[in-house]
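Per-chain numbering from 1; labels A, B, C and D assigned in written order.
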Amino acid sequence: MIWGIDLLILLLVVICAFATITIKDLLSAAIVFGVYSFLMCLLWAEMGAVDVAFMEATVGAGVSTILFIGAILHTSRRSKD
Amino acid sequence: MKLLQERIKHSKFGESIIIETTIRIMVPFIQLFGLYVIVHGHYSPGGGFQGGVILGASFILIGLGYDFKTSLTRMKEKTNIILGNLGALIFTGVALLCALMGGLFLDYSVLDKLIPLGAIEWRSFGIFLVEVGVGLAVMSIMVSLFWDICSGGDLDEGL
Amino acid sequence: MKALALVTTLVTGAILLYGTMDFPAWGDPQAPASAHLSPHYIEQAIAETQVPNIVTAILGDYRGYDTMFETVVIYCAGLAVISILRRSRS
Amino acid sequence: MEDFIALVIAKYNYWIYVILMMIGFYAMIGKKNLVKKLLGMNIFQTAIFLMFVSAGVKKGGSIPILDKYEVAANGIKAAQIVNPLPHVLMLTAIVVAVSITGVALAIILRIYREYGTLEEDEIMEKFGK
């Protein structure tokens, strides 16, 4: 592992997590959460956990985002905080 | 050109012919890759969970690109439920078969008495049988979650 | 309400940061987490199961109960979603 | 000062997990929207996965997929391979996480069908009547 890449990905992960809970539009929050999952997948591939990275790329960035978008489109997009 | 537009308007597909043609070409390769991930899980990253999710994602892709009815005709709901039950039953059935053959629960090396291949090879092959069961169950549950959540409960129209 | 939530979060985070002072250094091969059970898996997995991917060997063979009941858990999740959300088609 | 820099280099991964956990925990108890709470719970789970996976890292270790013939010829040292046990636990935990997300989204859709809103205080107003 290279600690520079590790630190950069960790910084981006924290920024994405902070953006996910501050954005008021719920659809944008779901998309940013997909980006967060994919950065997490990169982090685990870089730590040597290849199976967990594969699982996160298929489940976290794929199916989970689709489920969130499907549920948000059937309810409301607005959020007060 | 006019004829093509007329055909698109009167066909039973949705609005974009580019997306639908792309998905029709891509889906068999995605399913082939899912089967490869399940079968080749002994030697590379992969296994039952990942391959099952990829197989389910191919049906989810049909439901996103075409309309919702098409994904229900490609994979019947009753077939989906039968596949999910079959996947869970394969896992517990293999485990119970080990117990019935006189060994411990989930000890695959006892199955050597049934078909003599060698005890260590049976441990490898038992892992493969279990992964197939896990893959079927995960595929069925992922497609079922997509159908129910993205249509709001009444399987009429989706995203 | 928001101030109370912020204070609770900060206190919990401070306690956890104090707790991480006792963790072993990151990337230490002699850490207690990798000293007890996993050397046996790494050294004996190929001799016992003929599977080069150790994660698959542990998932399918050594920890079979874990995977089996986990399959049961996601099966129950599918049943729960159908029974919560499905409307009868008239 | 040098002690502090050595401490930062040895522990920064655990500190990031604490920061992610604080973000998720604040979203779970401080936000009023139910979907925001669910996103916070997903971030919380990912923080726990980060702690477990980074507990199994060995410096200079390679991925847990071996070469069959070389191991049969030479054997293997346990310090060369990263710890595969947390990977297995987290692999099953991710699948449980997506099924939890599915059940929670189903309950959220049912609440919206009953009350017509997703904000917690508006639901409590309608619930009190």
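One rule holds in what follows: a contact is a pair of C-beta atoms (placed from the backbone, for glycine too) under 8 Å apart; a residue touches a chain by one contact, two chains touch by 3 or more.
Model, not experiment: these values are computed from the prediction.
J.: Would you identify the chain whose Cα-based centre sits farthest away from the centre of chain A?
T.: Of all chains, B has its centre farthest from that of chain A.
J.: Counting C-beta pairs in contact, which comes out ahead: C-D or B-C?
T.: If we tally the contacting C-beta pairs, C-D comes out ahead.
J.: Report the inter-centroid distance (CA atoms only) between chain A and chain C in whole Å.
T.: About 19 Å, centre to centre.
J.: Taking the mean of the CA coordinates per chain, how far is chain A from chain B in Å?
T.: Taking the average C-alpha coordinate of chain A and of chain B, the gap between them is 25 Å.
J.: Using CA atom averages as chain centres, what separation in Å is found between chain C and chain D?
T.: Centre-to-centre distance between chain C and chain D: 9 Å.
J.: So which stretches of chain D touch two or more other chains?
T.: Residues 12-13, 19, 26, 54, 56-57, 59, 61, 64-65, 86-87, 91, 95, 99, 102, 105-106, 109 of chain D each touch two or more of the other chains.
J.: What parts of chain A, by residue number, touch at least two of the other chains?
T.: Where chain A meets two or more other chains at a single residue, that happens at 1, 50-51, 55, 59, 63, 67, 71, 74.
J.: Which chain C residues touch at least two other chains?
T.: 27, 50, 52-53, 55-56, 59, 67, 74, 77-78, 81, 85 - these are the residues of chain C that touch more than one other chain.
J.: Along chain C, where are the residues that touch chain D in the complex?
T.: The contact residues of chain C facing chain D are 1-2, 5-6, 8-10, 12-13, 16-17, 20-21, 23, 25-29, 31, 33-34, 37-39, 41-43, 45-46, 50, 52-55, 58-59, 63, 66-67, 70, 73-74, 77-78, 80-81, 84-85.
J.: Please output the residues of chain B touching chain D within their complex, sorted ascending.
T.: Residues 43-45, 49, 138, 141, 145, 148-149, 152-153.
J.: For chain B, which residues are in contact with chain A within the complex?
T.: Those residues of chain B that touch chain A are 45-47, 49-50, 53-54, 56-57, 60, 64, 142, 145-146, 149-150, 152, 158-159.
J.: Considering only the defined contacts, which chain C positions touch chain B in the complex?
T.: 48-53, 55-57, 59-61, 64-65, 67-68, 71-72, 74-75, 77-78, 81-82, 85-87, 89
J.: Which chain D residues qualify as touching chain A in the complex?
T.: Against chain A, the touching part of chain D is residues 9, 12-13, 16, 19-20, 23-24, 26-27, 31-33, 35-36, 38-40, 42-43, 46, 49-50, 53-54, 56-57, 59, 61-65, 82, 86-87, 90-91, 94-95, 97-98, 101-102, 105, 108-109, 112, 117-119.
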